[in-house]
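Two complexes follow with chain A in common, the first pairing it with chain B and the second with chain C.
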Partner chain A sequence: MTTDRAKEKAKALLLPLAVLLAFEAWARATHLQSDSLAPPSEIIMALAGAFADFSILTATRDTLFSAFAGLAIGTVIGLALGIAFGISDTLNRLMEVTVEAVRPIPSIALLPIALIALGFGYRMEIVIVAFACVWPILILSRAAVRSIEPRLMEVSRALRLPAAQRVWKIIIPAALPRIFVAFRLSAGIALIVAVTVEIAINPLGLGAGIMLAQQALRPDLMLAYLVWIGAIGYALNILLVVAQHRLFGRAALSGDSA
Partner chain B sequence: MKTILATLAVSLALTGAAVAQAKIQVGCTATSDCASAMVAIDESIFKKHGLDVEMTPIGINSNIPAAILSNSIQIGGPTSTVFLQAVDGGLDLVAIAGASVMSPVNQDSIAAFVRNGITIKEPKDFVGKKVGAPGLNAFLHVLFVKWLVDKGVDPRRVNFVEVTFPTMSDIIKSGGVDAVLTAEPFVTRMLNAGLGSVGARYAVELARTEPIIFYAASREWADKNAVAIKKFRDAIAESALIVNGDREKASASIAKFTKQPIELVKATPPNQSEPVLKPEQLSWWIEVMSSQKMLQSRLDTAKLVLK
Partner chain C sequence: MANAAKRFEVIPGQPRPQIAFTDVTLQLGGKTIIENLSLGVRPGEFLCVVGASGCGKTTALRLAAGLYQPTSGRVDFDGQLMLHPRREIAIVFQDYGKALLPWRTAAGNVSLALEAGGMPAAERPARIEELLRTVGLPGHAGKYPAEMSGGMQQRLQIARCLAQEPKTLLMDEPFGALDAMTRQGLQDEVLALVAASGATVIFVTHDLDEAIYLGDRVIGLLPHPGRIGIELAVNLPRPRDQLSTREHPEFLRLRRQLFDFIKAAEQ
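Then we have the complex of A and B:
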């Protein structure tokens, strides 16, 4: 069984490998001279070089720090609002216009204002990532709270639990699998937004690394950064999927259908 | 009472000293224009003048005014066009020292590069062509439009699009644009790759000596840091001599800051460094930009440059 699966996985790798080899052969045959493309062998060398001088590791630290800090802040705010809106119909109706008016603003559109108000650095990036992460968490956690089994709420009323305990002991545990799906979604968004902010303005992290490599006419290094960002995104997703299955087991499946 | 005053004076002096020693961040794009600041760091010229300076690479020049106002950088190297548009838009910036100026050396390196299959014999041949500029309303674009106007060609009949420097050779190769407004080392690289020919050396024909990029700060910061600015100017003047006279040292510093391969940097002469900036040097830019309807107000050159 396991060998079959390994074989299947190996087969899936064949196509990308063949494409890379073909590209390498083509680049060598045509003596590729480009400021935006580089053969895979050069990209691997550039990646190794960037690891050797720690530049890519520092950049990774900066990007992940901003992405995770923004994700954490966005999650806390989104969760608090989502649960409040999920519990109180009145609050939800009152806030609906505001939420629907602010939510469609692309987080990147805030960049010019954020630059003047906050300047370069972690702070600006974290604020923009947090803004982007609030919405999916808010919407999904609101839906999750609303779809909690009504009998659980009846139990909490029968037990006369105070509001804080009702949230902590009944609502959050019941909605957690779905909230985690929202968190997974936001984690992907956080990484995308963080790198985009760095490409557009912020002179730190992996996005700035891409821009600097491009301006330095090093397409190999630029693409090495790109490959590395892909690897980080892939690893992050695997980590979250594993965490989801470990933490929630079968309940995670119900979350996926949300 | 006396002791209180004395303590106050001492603490004021201490904070004053602390302000003077605070690190100054200088933000520039990855070009050779701010070479005087790069060399001043590498050759410890800032340090010699008692300044602690660090350079921040900035991706897009037009972000520099906002970066200055947010105090992320205290001094920036905007192009003349970016600076004048920012001030025209109401940002209170002031030029504090000169960086690079147009000179025969860099005029020679600026060109409108035309792809294979297109021939440009005279300026009016650009009519109806798709021309890629590294930034619309930025330095090369404004110069090219000025050149077209001088030659009696209506720039509105040329189709301008934005093409960044690193993507130029690929876009020219694919025929995505008919021409690009570019400079060295890109001209030589594209010529060597056989991608096309030089359509016009428009900067040579304009033959100007106005500033390309200069050092600017917010007026508020400049007013509070008169001593630091004096030191900055002295250091830049000293290091400009190295930029203009010692290609080896200048190239090493430029390669270090821009991360460009050293061979590539050495292949292109750095832009002429001119540490002194006079208000009247901005008049030509104001006139050209006003005629291209890029400025709304009448700017007073005397206020634009710090005395």
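Then we have the complex of A and C:
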């Protein structure tokens, strides 16, 4: 079973590997000179070099710090609002227009304001990432709270559970599997927005690294950063998917069958 | 206080009803679900409510639980107007699979009622074990609801309700989804539990035999809108027995009467 799946995965790697080899061969045969392309071997060398002088590690730390800090803040705010809106119809109706008016603003459009208010650096980037993360968490946790089995809410009413216990012991655990999906989504968004802010203006992290390599006419290094960012995003998603299965395997199953 | 005159009268020499419906009407979404329902349930009484589907028996139970508020009329518990659910009233839902917390073990589900009642954490495990033993689930404390059979899940829900130490136990077709053997076993267990605790019970069912077997009194509701169509006192000896009670001439007479009523109601 597992060997079969491993074989399938190996097969899926065949095509990209062949493309890379063909590209490498073509680049060498034509003595490629380009500001935007570099043969895979040079990209790997550039990546190794960036690791050797720690520049890519520092940049990774900066980007991940901003992304995770923004994700954490956005999650807390989005979750609090999402749960409140999910519980209270009145509050939801009161805030609906506001939410729908603010939500479509691209987070990156806040950049000029954030720059004036907070200047360059982590704070500005964290605020923009947090803004981007609030919405998916808010919308999905609100939907998750609303779709909680009504019988559970009746049970909590019949037991006279105080409001705080109702949220903590019934609503959050019941909605958690779906809230975690929203968190996974937001984690991806956090990384994208952090790198975007860095590419656009903020002189730190992986995004700034790409820009620097581009301006230094180092396509190999630029593509090395690109490959590395892709690897980070891929690893982050795998980590969260594994965590989701570990944490909610049982809850997700029984939630479906109930 | 115009309603005061219409309130359920306390008859001298008779105990005050524990739950009293006085001219209760409930409208939901413009539809009248229950109309002018007046009903008193004595402390310690086992009242069964039957009726065709859609006659509002489950709704009446939710009114008794304080989960719904009547559009007009009033529901009293121990002489007090019922404005919200109360800890002395426990409700056993039919769909046990939805009423239990799937992320908590059997012990955790029982614990929820104790936590809601503010019992200190140190005292809970002993009480949980006692309750699980009472409903015949000793040794299943660590299991999740999904790992239990339907009958076990319903026992667990009953244990959680008993943890509230209810004066009144409301049961909404609790055995409707269970097979016949499990159902009969649970009927006798509920009778024993109720006899031991002295709780008042309102038991909604669509099974006429079950209603007569369990109840001190059986009420049949008529649909559209829900109202009382028949009221039968069940004078069968207790403790009840699955064989001899069901063969009792009085049982058969009541059964006939109830079946005729339901048949007439459906036409």
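Note that in this section the second predicted complex is superposed on the first by the 249 of 258 C-alpha atoms of A that agree within 3 Å, B and C clash if a C-alpha of one lies under 4 Å from a C-alpha of the other, contacts with A are read in each partner's own complex, and residues count from 1 in each chain.
We take it that contacts are C-beta pairs under 8 Å (C-beta built on N, C-alpha and C of every residue); 3 or more make two chains touch, one makes a residue touch a chain.
This structure is a prediction, so every number in the text was calculated from the model and none was measured.
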Next on the checklist: Contact-wise, after the overlay, does A:Glu149 reach chain B, chain C, both or neither (first, second, both, neither)?
Outcome noted: second
Item to check | Partner chain in contact with A:Pro173 - chain B first, chain C second, else both or neither | outcome: second
Checklist entry - Looking at the overlay, does A:Arg157 come into contact with chain B only (first), chain C only (second), both, or neither? => result second
Next on the checklist: Quick check on the superposed pair: does A:Arg246 touch chain B, chain C, both, or neither? Answer first, second, both or neither.
Outcome noted: neither
Next on the checklist: Quick check on the superposed pair: does A:Gln165 touch chain B, chain C, both, or neither? Answer first, second, both or neither.
Outcome noted: second
Next on the checklist: Going by the contact rule set out at the top, does A:Arg5 touch chain B (first), chain C (second), both, or neither?
Outcome noted: neither
Checklist entry - In the complex of these two chains, what residues of chain A are touching chain B? => result 33-37, 112, 115-121, 199-201, 203, 208, 211-219
Next on the checklist: Show me the residue ranges of chain B that touch chain A in the complex, using the header's touch definition.
Outcome noted: 27, 29-30, 56-60, 63, 66-67, 69-73, 164-170, 189, 193, 258-261, 264
Checklist entry - Taking the complex as given, what residues does chain C use to touch chain A? => result 65, 67, 84-87, 89-91, 93, 95, 97-99, 101-103, 112-113, 115-116, 144-146, 164
Checklist outcome for this item: Touching chain C in the complex, chain A uses residues 149, 151-152, 154-155, 157-162, 165, 169-170, 173-174, 250-251, 253-255, 257-258
